[in-house]
Amino acid sequence: MKPLTGKSGTNILIGIILALAIAAAVIALVTTDRTAKKGSRLGPEFGYDLTEQKKIDPALILYREAAPVIKTALQKPTALAVGPHDRIYVAGDREICVFDSQAKPLPKIKLTSEPRCLAVAHDGTIYLGIQDHIEVYNDQGKKLAAWESLGDKAVLTAVAVGKNDVFVTDAGNRVVVRYDKSGRLLSFIGKKDPDRNIPGFNVPSPYFDLAIAPDGLLRVVNPGNLMIEAYTFDGDREFWWGKPSTNSIDGFSGCCNPVNFALLPNDEGFVTAEKGLTRIKIYDPAGKFVGVVAGPETFAEHDRILSGKGQGNLEGGLDVAVDSQNRVLVLDPLTDEIRIFTRKTKNL
Amino acid sequence: MNQKESDINDHAAARPQTCPWYQPAVATAVVAGVFSLIVSVVLVANYLPQRPASRDLPEDATPLESAEIIRMKENLKLNPDDQLRQQIRGLDLQLRRQYFHRRTVTAWGAWLLLGGLAVFFTALKSAAHLRRKLPLPPSKTAPQKTTLTRTRLSVAGLGAILIAAALALAVFSTGDITQNALAPSDEIITAPPYPTPQQIKAQWPGFRGPDGSGRAAYNNIPQSFNTDTGENILWKSPVPSFGHNSPVVWGNRVFLSGGTDKIQQVFCFDADTGALLWQKDVNVARPPNFESPEIYEDTGIAAATMAADGRRAYAIFANGDMVAFDLDGNQIWAKNLGIPDSMYGYAASLAMYQNLLLVQFDQGPDEQDNFQSKLFAFDGATGALVWRTDRPVYDSWTSPIVIDTEKRPQIITNASPWIIAYDPAHGKELWRLECFGSDVAPSPTYAGGLVFAAQPYDQFYALRPDGSGNVTETHIAWTVDDIIPETSSPVGNDQLVFLLDGAGFLGCYDVKTGSKFWEHDMKDMFSSSPSLVGDKLYLFSEDGVMYLLAAAEKYEEISRSHLGERVTSSPAFTDGRLFIRTEKNLFCIGRMP
Amino acid sequence: MAQEQIDSKEISRRDLLQGGLRNLCLLGVGGAAGLLIGRSRAQATVWQIDPYTCISCGNCASYCVMEESAVKCVHAFAMCGYCDLCTGFLEPEPDAINKGAENELCPTGAIKREFVEDPYYQYTIDEKLCNGCGKCVKGCNAFGNGSLFLQVRHDRCLNCNQCSIAAACPSQSFRRVPADQPYIIKEAYHAG
Amino acid sequence: MTHLRSKSTLTVVLLAGLICAAVAQQRFPPPDFGPDYQMPETTTPPPQAIWYDLTDLAVLVTALVVASYLTLKNRNRNYIFLLMVFSLVYFGFWRQGCVCPIGAIQNITLALFDSSYSIPLVALAFFVLPLAFTLFFGRGFCAAVCPLGAIQDVVLLHPLRVPLWLQQALGLLAYVYLAAAVLFAATGSAFIICEYDPFVSFFRLSGGINMLVLGGSLLLIGIFVGRPYCRFLCPYGVLLRLMSRLSKWRGTITPRQCVQCRLCEDTCPFGAIDIPTPQTPDAVRTPDRVRLAALLMLLPIIMLFGGFLVSHLSTPFSRMHADVRLAERIYLEETGQVEDTVDESDAFRATGNPPEMLYQQARSIHDQFIRGGWILGAFLGLVVVGKLIRLSVFRRQSDYQAHRAYCLACGRCFASCPVHLQTLKDKEVITTIKQ
């Protein structure tokens, strides 16, 4: 190259500069990471990793999956219950699917609106929570009654049936509603009341479960406080248990858990279902951690589907029920299946 | 020549060799250059990762500050300690300050560098300008011949380098992966060529929706709109040519057809913006003796609604032309089925079952009074005929629906005198029921486990679709005869069924028994079919009024909105949106952001 | 003189040819433009993240052409549970539920926690501090309602012809949306 | 080559639809707060208003008109330089280098091949206007409007003459770049012109380190080699060169008859001044004719070979498309050839789409690259042989002239022409007399 102007003595220098510049340009071009092959290049403090928390010590797993999965055939199952003769009831879409204890389908019950939760009494009467009210069906699937609406804000998430009473959790109004069996509203339980030492229910997401324990007290999840609380039917808060911990297996993980629970027969304790760390655990009646039914590894497909919805844990929380043979039934609303776990025999 | 020389001398005189500004310009350039260099060094230093300059840190602190704070946090978990807590907070504050400080330095540095370089180059250019030498003729002229040869060689050489590079790339980049997963065009891994029921449910793939029953899968449809204020009107686009057919929607595409006896067209709109994505004329090879039929004015050439399956969109016209376009508007196949012999013009919309495109091709009888009606199933991808069934019926103006009962999927067809159900996989007849005595226009509907069929001016039937053979005597669940649709089709859910006649009488019946809950005179004229969105009933009158009623056991009008344009087709519903075609336009009604 | 004539003839022939070609080119360019005008839109489009497919991988923080990314976290308040123990704000196992740096998830301290009433807290994003890394989005999605999510902030976005974050996005969540509806804000509809 | 992009967008939309179907449920209310509590709104700062685009368009047209006037009528390098600096500041630093006609090539290509892509009107106008202006007035756009050219022009301090052989060979790179950009844009894979725009990070004062180094290197080269990007890389320059060959009017060194003074010979830093050819006897030119004939015969063979070769690059090329990369990764994972998963494959699995669909899509993209490769290879063969042919055709040249294609109309040569100076002087005299 010849300079158009200037001294020719500088040519070598210019040549070196040009060669270096061309080399730098080519290197820059070749090493460009346009598709983020090297990842986000952010430091470790920008990472959020739950891999450790998802691991469960195999010695803690007391149950194994012992029966074939039951496909619900519902597009969107919402709730699970076990009724007399260990019949399995799954509510969803606009119907209730019924299976006998051997998973054989029984006639379905058609509904007129989408159910959210249900409970089955000893006589087979079904108490069904629709968005804002309760509907009652007999064991033949005939609609007996539709109770009055609890208002626009109501989001019914769980029903429990006692001898004379029906209890409903309303996640929208953050309260438990007590009815008699004719549908007369008797009282509200669990409203914030410092005088009675009642903190009020903290319900950040539409999961709010309850059950009637053999000791005659209500057990209600206070999900935002990560506790299960015991109430008398008159609304006195008797005792409570549960602690938050994401790292330790004996605590309830995340911000609002458990999403659902069920009682083991013979007052043997609780089966709890959690979201976030998708797992089913066993606690004794006093709230002491006993063991694990199944952990995130078992529900990998559930987690995968949930991650594709991009809306956190707003839906898809596992529902649990226990039948008289001590089998733990888990409804996975995302894979539309019921999975059945039995206790490993050697541990019995 | 002398003249020129003097010019050059003048020119030289105008630019003295030594200008008083030359030295300052060079000095400025040097200063600016040094400044730019310093700024560059600062910027580079700022870019490189730094170690926190804290004195309180443990001695073995890692150079990566983030790792350090993570380690400290882990320590804190093991033994909670206020001092450590304070340390973490201090370090965190310091790190964040550093982080944002770096960002600020980068931003300022970039501006300073820009300024410095601007001054540097300005000064240098000025200096060069001031010392510009006179142009002088170069000593020698370039030897043409060798230059050209060398140039040719170098161009050819670069071509060769390119070829070598391409060869190298081709040789070194072929891996097993591509051969197995990508290359085989003959080894076919087939994805199902049709959408899943869930996918279909989320779309509006044909006349009156996923199952042809006029029920929306979404509840979030606006309950009113206002054409004056534009409230809830997302967009409105003119449809280039007329047709009675209703919009079908797949993904973000809305399909419509239209045309005259001369030209048939298919339109695709962007569901988000209303932009006309493409508009295609149908290009069909027709039989040699084909003559465009006379089109019955009230029906038009494009009364039949299209169908879409996410891969293609299909249209049929009153002259027997049928066409498939891919989503980009490329015509995939087209055929002419022969001109249907129909008294008021062909109007049956297309329906789909898996990959099959179903055409209810009902016609009047020939001179010997033999039936000519047929039901076709074509392969959507290729247009090949998969099966064909002859139908013992007269010409009709209804559309087939495909329903999924507990036992099996069925195609339901209404035409005088039979309502006939077919197996969609093979076209075998499943059951038939005699209920029509004359011309039929309302399409069948399926709701609450029953099939509904209307014989205008005569009787309305609810049937159980679980029989086989002739079920006329056995499978009629109930009938009513007071309000009967003539053109619109009924709509129902698991509790209620609604019948709307052209004069605006609307009846609400128990789906199980047929007992009437209420009837109401809407005092308006209707051609469009009613639709159900959750527990709301949507009606569009011919004058373009949208009535929103509660789909309940009591009559209740919720709202009334005016389109201001004539409506004869039925709306389509997708997530949060309602599409309705008027005489001239396509409206998209949806929630405003 | 003769030479000149030949030249001028040659030139005029060349001019003629050039004129023809020029008109052809003009026709070509104009034709292509005319063809595309039918498909064009005056209203431009802008880049946006589909929050329903975003996996908050962190690439938004570092692959934007801007030093400070145009992607930032936003909060759909109507979806938020107002948790005390917010997993988008606190480390998975916080030492205590407070604003201490040892408990906060956000590396840049961009989430502000304010007491509303017992037991509810409101979380807001200080956009000046947010760098779009998505760590809080992961935390909120992992346990909570997913009310925190990433969006391209159009006061910062340069609307590049080819978004370099889009090229680096592993879930292909970047797409162009009409400029008059430039955000995809998560809806406050809950299932349950 | 039309379907893939729409297909992928379709999947996205389809999935979004499904999700919304599931989400569109009853609302779960936030907690009951006291009346004092005002729930904050999610802020949504609006994008740039549309009048920005329209202003850009107006400025572009004005700048093109002014540039044409300055290069053809006014013939003053200083004014051209000022306009260039203005363009650098406006289109470069103020509008941050977007939208530019160079990148618009890709929008045009994508719009031509994918009917579902609706191209912004501004991009269309930015592509068409400079071409149209060049067709009539020469490359005034390059001289004074294009910010990429401007930033290189302002750093040009010590221009070296690039020998003809190197200049011609390097000039081929722009064709390769253009062909690749069109291929990747047409298949919806990438907009490489924008991704590898070397100067845009300077205009924005921020950018990836690689792009800064790339741009910095080019500017460093640009101190000694006049406008390296414009001459050797710019894909839009390829089109402009073609248009400029046919332009009706264009900048000339001398406003009137050339006096063969040779003063302009070295003034052009871009090697765009053609010098008069020596008269050559016919006998010497015979080997040239043979060569020309050989090249003409070779042309179709080279084009076919080029097509064949490049179509075999479909595999590495198709990996520019995200869907193909994803399909390959998923295939590796599905067949157990790799153990772990990556973000991409996790995200894909979360969509629930069957891998077969993805494979099929990847295959169709791959097929597009095979077809595109044939066209691209043939085109490059045509370019190389075409250039050789042009170099083998003897063209007589009697004056010093700005090269029809390469002249950037920068006006540096004007001042060296005594005829031009004389004209200015005459005008001055006339003005003085009038006064």
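Labels for the chains are A, B, C and D, by order of writing; each one numbers its residues from 1.
Definition applied: a contact is a pair of C-beta atoms (placed from the backbone, for glycine too) under 8 Å apart; a residue touches a chain by one contact, two chains touch by 3 or more.
The structure presented is a predicted model; accordingly, all values stated were derived computationally and were not measured.
If you compare B-D with A-C, the chain pair joined by more contacting C-beta pairs is B-D.
Each chain gets a centre from the mean of its Cα atoms; for chain A and chain B, those two points are 34 Å apart.
Note on chain placement: the centre of chain C and the centre of chain D lie 24 Å apart, centres being C-alpha means. Listed for chain B are residues 66, 77, 106-107, 198, 220, 275, 277, each touching two or more other chains. Touching of two or more other chains is recorded for residues 9, 15-16, 19-20, 22-26, 28, 31, 115, 118, 163, 190, 195, 206, 208-209, 211, 266-267, 322, 346, 350-351 of chain D. Those residues of chain A in touch with two or more other chains are numbered 5, 33-35, 43, 45-46, 155, 171, 203-206, 247, 307-311, 314-315.
If the chains shown are joined wherever they touch, the resulting network links each chain directly to all the rest.
Across the complex, chain C meets chain A through its residues 50-55, 57-59, 61-63, 79-87, 92-93, 105, 107, 119-120, 133, 135, 138-147, 149, 164, 167-170, 186, 190-192.
Against chain B, in their complex, chain A makes its touches with residues 5, 43-46, 75, 94, 110-112, 247. Of all the residues in chain B, the ones that touch chain C in their complex are 66, 72-73, 76-77, 80, 85, 88-89, 92-93, 96, 99-100, 103, 106-107, 220, 272-273, 275, 277, 593. Taken in their complex, chain C has these residues touching chain B: 39, 41, 43, 67-68, 91, 93, 95, 100-102, 104, 107-109, 129, 177-178, 181, 183, 185, 189. Contact residues of chain B toward chain D in the complex are 4, 7-8, 11, 47, 106-107, 110-111, 114, 121, 124-125, 128, 135-138, 141-142, 144, 147-148, 150-159, 162-163, 166-167, 169-170, 173-175, 177-178, 180-185, 189-192, 198-199, 201-203, 217-220, 250-252, 270, 275, 277-278, 310, 326-330, 574-576.
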